[in-house]
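The first chain written gets the first letter, and so on, giving A, B, C and D; residue counts start at 1 in each chain.
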């Protein structure tokens, strides 16, 4: 019978190929970080006319996707995003998918990417998405709380360095009339203090007054909110037919734009590093 | 100066955390397979009222996404999909992203997922996508051509087994009037031949006449097509101002619904296993 | 010229095979433990007539080998041995051989094994070593101090459980006249308290008075000792030609037989867990 | 009861630490190569006055150890050694210790090292071994037969390059009266042909007549030998009391000093690459 060659006996014969799958379990008792990076986002930003140096719509969309990831996947305790990257921190004790690294990174990359297209119109309205974007991901393990804090500090320091540069660069180009090449040359070898000075003396901008969202990036933390819903009572008692108000405590992934490098944030959010 | 704490000196101090990144280079001279699987697609299919046992729109959308992955990423030589899964085979010699496994699996997962939302409306038209879907991914290495063929045969045998089961199950439910539980019980312990017999005697269906796309899944292979474009001549010669026809050879990821288990497919597509 | 086929040009041609070597760097900021286990040591012990349940010569030889490993390799902060196994703990910050796991485990296995044969005669004197012994090894990473302490506690608890069993078993066989099988049956399902009771009531042995080396295994810690050497003065001053005494502080790997599970040991040796 | 803190209950409490062990299974259907390298063998050779450029005793001892490894461990199909290194090739289908890389490399390193001390006196006789030697090891996987052959060719080409250099170097020093530094300078930048010329014109040595063992290193292959043993018949028949000769076919690891780079060796030993 012809289909037998594709039947369950055949399947058994080929099943040995499963033994080529390797185990990629993350070491226990370590923080699991998944970092996503946009693929060719320089071009993507240009193709979609992102405002320079920062486009609020793009930033808010990234944050919306990160919220979706946190709310849809399990065990994420904090997330941090800037530019075209987002880092998600899973709790040390997580046993989600038996701690398989490939599950962590592909679920995050997949969910973030589908959300990006799904929520695009909420932030870009009539402006069309020209093609589906891509994000790559990786898993990094951090054994100690200090290592994890240093990782997030590293990303936030990177945000600062890049945003200061971009702010000066685009002011030189857009307001100062320099070409991209001229602006690059002007900035070559300058220190932070030089860049602050250019902004202040030439464009009357005090960098420290720039929006925190640009300077600090976005931290997503869990907050509890009370949600009230009006519900039509269906019981048989005296409330029958009347509307009742139902309160429910829900966890939300809430964006903050604050310093992560000092102790203040961690003192205000002790639950992040706590054993879960 | 306040911003110095987030400046490049601070960044340098934290940069040691990069040393926690591990190398996940794929062994050379092996076929690199990335397989994606839909997350909770049973529920997703129900929520979006996919036709049972096979929904052509969903199948064509999956194929469209796989084409996008093949055309957007590098070094994929063949892909195979069935149900809510898709496998992508990268050539043995690929040096894309230095063969880092995480890059392969996250790029595929990300691009497939964003494409799923992006192309949804081309196949589901007015039917709304209710939420962004998710796909997980993994990398598997196969040292020999035979191992790779056996892998693809395994997935196609799985397609056959599942599709035969589903075809009988949904005929029993939708035409035979059984409940899901009754249909399950009816099928428990039956052989392929029993299922063929039920289809034939009770529903006058010859399983072998069912569409190949359902029975064999979808293989994507590269084909060359000649694309013609009409272009307004801008030269200074006699053609100036006239339209000219430009021919260009383009590679397309073309879907086939054929047997992968026997030798015929491989004899007809010798370039897949050839050194690239 | 004939040898050219084996010359440096040929070597270059084949050198691509180096790219198949994989990176096995140990995650930073984790304790690196290498545990060795004797291969077929049950048979080895019988072939060499080890005294049952404990042979002091064999234990001291194991300890001597572990000392050799600690003194010859780098960055080991503590070691623990019992039965035919030994665990070596490398400091968290070790960068020995760039933290490559294969280097750690093979160097330890190699050096321990060559030492076993080298020092055999110091403990077994005229009794001949019949064949070279084998030890396998593995690397395990522990992110926190507590994990490391729990690992060592696990091995010491294992020592206790096995030694109590073996002590009763061999008393039943050697003094009680039971066959091995009878002794096994007698002990099946017994609790610690039952075993203590058998020892006490049948053989007048209070298990707690058994030597600590048997009950606790051996911990090797670093101690500083002052070594004095007499040296013939070669200078030109008045000491010329006279002997002088030179003092030198040397680190020694010193064996202890004490409890590792409670806090006492760790309080007395704070330097082990300290950052190095 | 005091010992309870070290008892089986305690053991259970600590056993979670086993979950930190990682899986290091070798990819299936690949050749598994373990290569050992002597640790600080330059110094070891000097301390033990090895003859330069080649010491037959040292080479034969290395070969003896490699034979011990092949005969004691499982699934090794060929080995190759030169200088202070040895490579062992396990068959592709090996399932020894479930293909765990750490088992392969530590067993080889351990057994080789203990054999080195054990067999030392058979080759160095009265010359004392001053301290136990060390060897590190690593595992490398090769997917194809060609990759494996190229690996072995690489090692043999390395043998050639080094041995030619060493032969000239030590002739310049020992017979030519140059210092080490002068010999190094003399050889800097020379080609193979230059080195051959120096040997021939200054020392009347035709390099191609040097012993194959030095120029090609040592390959160990399995050969079958018939072993005859005289046994006293214990049966009740007419042979009773008489000696009988018993023949037994035994596999031996036999050293060859031949070219591995060309096809001849592989044609003469087809069983090495064959499926086992």
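Note that contacts are C-beta pairs under 8 Å (C-beta built on N, C-alpha and C of every residue); 3 or more make two chains touch, one makes a residue touch a chain.
Note that the structure is predicted; figures quoted are calculated from it, not measured.
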{"item": "Maximum centroid distance from chain A, chain identifier (CA atoms)", "value": "D"}
{"item": "Comparison of B-D and A-B by number of C-beta pairs in contact, larger one", "value": "A-B"}
{"item": "Whole-Å separation of chain centres (CA-atom averages), chain A against chain B", "value": "26"}
{"item": "Separation of chain A from chain D, taking each centre as the mean of its C-alpha atoms, in whole Å", "value": "52"}
{"item": "Length of the line joining the C-alpha centres of chain B and chain D, rounded to whole Å", "value": "47"}
{"item": "Per-residue overlap in chain C, given as positions that touch at least 2 other chains", "value": "20, 22, 27-29, 141-142, 147"}
{"item": "Touch-based graph of the chains, sorted into line, ring, star, complete or other", "value": "complete"}
{"item": "Parts of chain B lying in touch with chain A, wherever the complex brings them together", "value": "1-8, 10-11, 14-18, 20-22, 36, 39, 68, 72, 101-103, 105-107, 109-119, 129, 131-142, 147, 150-151, 153-154, 156-161, 164, 192-193, 196, 207-208, 215, 259, 261-262"}
{"item": "Contact set on chain B toward chain D in their complex", "value": "27-30, 141-144, 147"}
{"item": "Chain A residues touching chain D - in the complex, by the definition given at the top", "value": "19-20, 22-23, 25, 27-29"}
